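Next up: the structures, one after another.
Two complexes come next, and they have one chain in common, chain A, joined by chain B in the first and chain C in the second.
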Partner chain A sequence: MRGFLRRLAGHLTRGLVMIWVVVTFTFFLIRLMPGDPVQVQYEKLIAQGMSPDQAASATAVTYGFVPHGPVWKQYLEYLSGLIRLDLGVSVDSQGVAVADRVFGAMPWTVLLVLSGILVSFLVGVVLGVVAALKRSTAVGHSLSIAGSLLHGVPPFVIAIVLAAVFTRRYRWFPSGGQYNGDEVAPGFYYDFIGDVAYHAFLPAAAFAIASYGGWLLAMRSSVASVLGDDFLLAAELRGLTRMTRFRYLARNAILPLFTVLAISFGLVFGGSIFIERIFNYPGLGMLLFASIGARDFSMMSGAFLMITAAVIVANILADLLYTFIDPRVRRQA
Partner chain B sequence: MRLSVRQRFWRGVWVALKRRPSRILGVIIMALFVFMAIAGPWFYPDRLPYNVDNMYAPISWDHPLSTDFEGVDVLALVITGTRGVLLVAVAAGLVTMLVGTAAGLYAGYRRGAADSVLMRIADFALTIPGFPLLIVLTTAMNFGAWWKMALVLGLIGWGGLARAVRSQTLSLRERGFIEAARGLGLPTRHIVTKELLPNVAPFIATNLLMAVTGYIYAQVGLYFLGVLPLDTSNWGVMLNAAVFQSGALISPDALPYLLAPLGAILLLTLGVVLIVDALEEIFNPRLREG
Partner chain C sequence: MSIVELSTETLPGVAISGLTIAYRTDAGELAAVSDITLGLPAGTITGLVGESGSGKSTLALSLLGAVQKPGRVTAGSVVIDGIGDITKLDEHALQSVRGAQIGYVFQAAQNSLNPLKTVGKQLLDLGRSHRVKDLRGLLREAKVLLSRMGLAAERVLDSYQHELSGGMRQRVGIMFALVLNAHLLVLDEPTTALDMITQANILQIVRDVHAERGLTTLIVTHDVGVVAEVADRMAVMYGGRVVEHGQTMEILGAPRHPYTRGLISAIPRLTGPVDAAKPLPGTPPTLGTIPRTGCVFRQRCPLRMEICDTVAPAMIGGVACHAVNETEQL
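== the complex of A and B ==
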């Protein structure tokens, strides 16, 4: 248990350092941006008849720091705002707190990403075992090729095809939104959950189709390498049943996949920009995309920060899960 | 007959290709794309002819893949759109290869403090979601210059290669031939470039191919989202216009305009997958199935 806590503490420290680096990056990105948006807003407010003091504090509310004074002071102000989870105010729609929008969009993206990863993991692992056991037959070979092809195709291609076929050609699924606000009100009851699932189905399916190939390939090579191990031969010689041997095989082969799981979160969250854009699904990716189009830099850095934080947290969870599952790492830790 | 190392390598390539004809198809597809990138723009004028009266023309010999919303030939758009994207992707792939290999070899061979620092940075580069970072950067940087785009792409993607090269190096450096080289007092430069590098090279080659494909798709994705100026012509610009502007998702006449860039991406992916399949066997004969 102490080992586990120490590992957790190490993860959290590294995670915080990474978030700090990202925060510093976005701060200087906005500060050093050509045309200096902070200065532009400040001057615009003065032109609208505000006094310099008023304009400075209004700009400070938007970006989390005052446009004047030494850079380090601005930086510290920005950081202290972040610690209080104050991400500033949207530039584009005045008066809307970035944190509200970002935390509001977050659960929807997590819903898509988690359901997509879960489904693709299950499907990929099962097909990967089949592909490995039948690897010298046509079935195994075509499974691997199909897996590599879908793994290689960028997710937006899959999303475009799904959107074109199932929301436009055949209108089986809605062409956007998280739920139909005219028909159901948010709440914990059957109709609402059903409607959310109906709206999330295609985007989540796009995630799943785009990533199951990776799991298939990883599982196939993992099973193939475990198949050669002596303990399986020993199990066979001891006369253990097929089922038992399969359990031995699966438990050992699936372990390396959890390290891949940690890396895949970054990719999947990155893909959410495309998938949410194509399916008009208002999540974090859509928010980031829209804020870039509108040059809403406070919203942009908030959304980017939240995506990064989500990936870091997901990485930590995946690693802890791995510690939990693999007895060797558990004992070492 | 004794064969030189090089001859033996090419014979291995040929054997691997012959084992599965699909791999030859992969080489043909790849050659086609490289040819399109190099020679494609020579066949067409700088400004492709357009004809507003002839938009979404039916498929014919003149327009084998129909025309777009301005009456420009879609096939011409697909072909001329290859070069820019491919050039940037190859340049970015080289950046990734240089940085990733250097960092991985150094960290794995030297170990110690440099190793942990480099690998922390590599982990960082791996964790940061690359595509969101890229579109955030488009707001501040002018990606119109091809080399800037290549540099940024290359520097975002080196983490995975560095990690992989490092772990290979770590296992190689304990092997007999490296210890022998060290025991003989050969200079480090010799050990790294003549003993280590050739053994990691196959791995880097496969990785380079995947990286280049990834960078092609990253660019196509950026143009598709419309966060880069749409004044050039490439597959991403085509997809952007087809999906978000001209309503090609709805109108059946415009379907070829949507399908052409998608088809190009699928074909390229197929080529890469088949070639990677061949490369794995060439470099790792143990994978050969009986």
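== the complex of A and C ==
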């Protein structure tokens, strides 16, 4: 347990350092953008008749730092704002705090990404085991082909096809939104959860269909390599039942996939920009997409920051999970 | 040929007769083990020696009916006392016999344990697979065995494979093979990849448990020294055939088959010049290059005769060699 806590502390420290690096990078990136949006807004406000002081404080509210003066001072102000979770105010819709929008959109994206990944992981892993055990039969071959075929199609293409077929051609699924606000009010009850699932189904399915092939192929090769391990032959020679040997096989084969799972979480999170846009699903990706279109820089950096943080947290969780399932990692800690 | 010969030995723990095991390859079915007839008398330790690729491990696996695909037994039988012909058993019967009546110990370098479970948990899996009612009793028995082999039983049962040294793993392997009271013990290269002191320890343990539990033991090795140390009887394999077998001391003292002689003279001595050890010329055959007719050893044989090219020598008086039989009959 003490080892675990030390591990957790190490992860959190590293995670914070990573977030800090990304924050610093975003800060300077925005300053380096052509036309310096901070300066542009400052000058625009002056042109609209504000006094330089007013313009400066208005811009400071937007970005969380004063637009002129030494860069290090702006940077420190920005950081101290972040610590208080103050991400500034939206440029596009004045008066709306970036933090509110970002935190509001976050859970919906997490819902899509998590359900998409989990479904594709489960389906892919199960089919992968079948494909490996039956790899010299027609079933195995067709599973592998199905896996590699869809593995090569980008998720947004699948999303477009799904959206076109199931929201336009057949209007089986809603064409946007997180839930139908006219019919259900948010709350923890059957109808609302059902409606949320109904709205999330297609986007999550797009994630799942696009990535299950990767899991299938990874699991297939992992199972095939564990099948050649001596300990399975040893288990057979000790007369362990088929079921027990299968459990040994499955647990050992699934292990390397957990590392990939953490990485894929980041990729899928990034991919959510397209998926949410295609399905009109108001999550973090949609927010980012809209803010890019509106040159809403403060919103953009807020969304970037949130996506970064989500990926880092996912990695930490995956790593901690790993320590529970792999004793070789656990005891070294 | 050897039904008569078998009956002259004491009641066999295992009677292998006419056993042929072939592997399906692109070049057709190739025999890794050809027409082997060999008895493992109850209560003895038999050493099976041969180079890599001689078919000795395939033979060892056949004692558990576990020849791995694409291999299969194409002829012959392996009759084990109290079990019957193991080549005829179905999968379910094999599962209940393996581990319970026949114990198998892997090479130390091979990981014979599930890396994700502690030894104790795997022991419980073993018990459940064999429908052992008294799992506590099984744990107790395992602890007795482990302590008997000089290990801290509690700690070992609570350890994962990666926390054990090679010698410890090997002892754990022996514990797994014997904890259900198997009476036939098969050890495949039990000392390979261990340091000299651990090797000596393991061999001592093998000898002791063999005697204490009244086992019939087969020890497969490429190391003649191991056989000399523990085995009452030995069999020498080459190219899928047993070329010589008999009492260990007799064979080591006066090897008759030219291959056995070559093997023994290839061992460096502790005293005297190093080059007194003569390596065997040539290389052992692989599955694809084993001669299909005639004597399998003839290409490396100093005593090669014309008949060796066409006729496989019969096992006569414990040795299968035309030249030896000819000179001994004179």
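The working rule: the second predicted complex is superposed on the first by the 333 of 333 C-alpha atoms of A that agree within 3 Å, B and C clash if a C-alpha of one lies under 4 Å from a C-alpha of the other, contacts with A are read in each partner's own complex, and residues count from 1 in each chain.
Here is the rule we use: a contact is a pair of C-beta atoms (placed from the backbone, for glycine too) under 8 Å apart; a residue touches a chain by one contact, two chains touch by 3 or more.
Every value quoted in this text rests on a predicted model; they were computed, and no experiment measured them.
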Clash-or-fit label for the pair chain B, chain C on chain A: fit
Contacts of A:168 with chain B and chain C, given as first, second, both or neither: first
Partner chain(s) touched by A:235 [first = chain B, second = chain C, both, neither]: second
Partner chain in contact with A:251 - chain B first, chain C second, else both or neither: second
Partner chain(s) touched by A:327 [first = chain B, second = chain C, both, neither]: second
Apex chain A: angle to the C-alpha centres of chain B and chain C, given in degrees as a multiple of 10: 70
A:208 touches, of chain B and chain C: first, second, both or neither? neither
Superposition-derived comparison: chain B or chain C, residues of chain A touched: B
Partner chain in contact with A:295 - chain B first, chain C second, else both or neither: first
Which superposed partner A:312 touches (first chain B, second chain C, both, neither): first
Distance in angstrom between the closest Cα atoms of chain C and chain B, superposition on A: 8
Chain C-facing residues of chain A, complex: 229-231, 233-242, 244, 248, 251-252, 255, 325-328, 331
In the complex, chain A residues that touch chain B: 14, 18, 21-22, 26, 29, 32-34, 135-136, 145, 148-149, 152-154, 156-157, 160-161, 163-164, 168, 263, 266-267, 269-271, 273-274, 277-278, 285, 288-289, 292-293, 295, 297, 300-301, 304, 307-308, 311-312, 315
Touch list for chain B against partner chain A, complex: 22, 120, 124, 126-133, 135-140, 160, 213, 217, 220-221, 224-227, 239, 243, 249-250, 258, 262, 265-266, 269-270, 272-273, 276-277, 289-290
In the complex, chain C residues that touch chain A: 61, 64, 66, 68, 94-100, 104, 106, 110-118, 125-126, 128-130, 160, 162-163, 173, 176-177
